[in-house]
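In the two complexes below, subunit A is the common chain; its partner is subunit B in one and subunit C in the other.
Now for the complex of A and B:
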């Protein structure tokens, strides 16, 4: 952006600056609108996160209680051995969604709950309490996946919000005031030039009138 | 870079998340991987729960007319926080979701209503920013 001394005080420059100011104002308004929408989205994700976290923690508590009962009934060694034999993968359908330019992960409701045979450990020599503990942990996993997604969403939205806010502030506090200052400067200079021209014309008129008067006298 | 070009670039980026082409609810329900490609080249998928909610809110005869994602037009010209939903089936669905009577093919909504819509339909609605 040119400094006041570098600006050429012409009508063309004034029109150009006014056009620039209008564009900056539009950009500012639209980015502010986007910022408001991002804030709304962030609050919605945070609310969802809070609910999910509470239910995931409740479920994890239930799962750990079930695991403690299993340790007591089956013994630690046997439980750990059964855990080693368990199939440790869960199939997830992962996709993406685009929220105002932010690409967010989408995981369709995961189904982590398996039947006792699908878990992989031997049915022989294991207790029903182990099945119960495994079931409770699988249920917890079904809540932890959306919680992880919600947390990733919250971070991504917060980051975008920050960069949008930076842009809004740059327009609001730097670019638009500078443009307004430049417009004001050019308008003042143009007014000054106009005043100079006016007084010059008056002076010329006076001189011509004086000459006319001496000639006629 | 020239600030003017920077602003223009920023304005162009603002709506890059909009779909290249919308698809109908009927197509989305039939699709194995329901979603659309956005202008910036990413894939925007629709949640199956949301599709089933939409199919419950709209008569089956209109499934082919409802274009997804539903665009929420955010316009500063209407005042801060106001948005518009355009299209007859779109207005019907959103009105049903908000518990309002459906009238005409344009519906003006405000920020609290936008929040309700977005929380119920996070993937099947999209924001668009206009002057």
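Now for the complex of A and C:
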């Protein structure tokens, strides 16, 4: 942005600056609308997240309780061993979606819950408590996936909101005021030139009238 | 695209998640090895979700945050309470929201 001293006080420059100001204002309004939309989106995600978090963490607590009774009944080593032998089959079907230019993750809720035979650890020497713990953790895992997605969304939207806010502020407090300043400067300069010209013309008229008078006298 | 799940945390959390069928598991012992593992998981490109306990995430602190900033959309990270139910008073999300919105937003479980 040119400082006042570098500006050439011409009509063309004035028109150019006024156009830029109008454009900056339009941009500002659009960004502000985007910000409003983002805030609404953020709040709906946060509400969803809160519910998901409550249910996932509840389930996780249940799972840990089941696991600790399993540790107690079967022994820690045996439980860990069974966990090692478990079939690790959980896979996530993932993709992305676009929300106002923000890329967000999409993960389908996996079906983690299996029956005891499907888990793959030996049925021999493992207790029903182990089945129970595995089931509770499978349920917890299913709930964690949508929670993770909601948290990632909240983060991404908050980030976008932050950068949009910065841009709105830059327009509102830096660019637009500077353009206004420049427009004001040029208008005052042009008025001054106008006044100078006016008095110059007056002076010339007077001189010419004097000459006319002396000639006719 | 089909991606895997990874879990990082204390022994109980890792054992439980392994029982649930999570493929990649890492029991946290020291920062160094856990960060190495995380970097490996992020760059491998076949992990869709990393489940980490709040306690470990807190210990890794800024290093984890900057790793998460540098990644793409995946893997998604989710912080969970460990077997003791540990939840930090301030979490990162509400911290950031406070900065953005300029007001405290309560996001509790």
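Just so we're on the same page, the second predicted complex is superposed on the first by the 216 of 217 C-alpha atoms of A that agree within 3 Å, B and C clash if a C-alpha of one lies under 4 Å from a C-alpha of the other, contacts with A are read in each partner's own complex, and residues count from 1 in each chain.
FYI, contacts are C-beta pairs under 8 Å (C-beta built on N, C-alpha and C of every residue); 3 or more make two chains touch, one makes a residue touch a chain.
Note that the structure is a prediction, hence the values are computed from the model and not measured.
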{"item": "First (subunit B), second (subunit C), both or neither touched by A:175", "value": "first"}
{"item": "Partner chain(s) touched by A:96 [first = subunit B, second = subunit C, both, neither]", "value": "both"}
{"item": "Contacts of A:129 with subunit B and subunit C, given as first, second, both or neither", "value": "neither"}
{"item": "Which superposed partner A:114 touches (first subunit B, second subunit C, both, neither)", "value": "second"}
{"item": "Partner contacting more residues of subunit A (subunit B vs subunit C)", "value": "C"}
{"item": "Contact residues common to both interfaces of subunit A (with subunit B and with subunit C)", "value": "95-96, 103"}
{"item": "Contact footprint of subunit C on subunit A as seen in their complex", "value": "39, 42, 46, 49-50, 53-54, 56-57, 60-61, 63-64, 67-68, 71, 79-80, 82-84, 86-96, 103-105, 107, 110, 112, 114, 119, 130, 133-134, 136-138, 140-141, 144-145, 147-149, 151-152, 154-155, 158-159, 161-162, 165"}
{"item": "Subunit B-touching residues of subunit A, taken from the complex the two chains share", "value": "1, 20, 23-24, 26-27, 29-34, 36-37, 40-41, 43-44, 95-101, 103, 106, 108-109, 167, 171, 175"}
{"item": "Residues of subunit B touching subunit A in the complex", "value": "3-4, 7-8, 10-11, 13-14, 16-17, 33, 35, 38, 40, 42-45, 47-49, 74, 76, 80-81, 111, 114-115, 118-119, 122-123, 126-127, 129, 131"}
{"item": "List of subunit C residues in touch with subunit A within their complex", "value": "1-5, 11-23, 48-49, 51, 73-74, 76-78, 80-81, 83, 85, 93, 96-97, 99-101, 105, 107-109"}
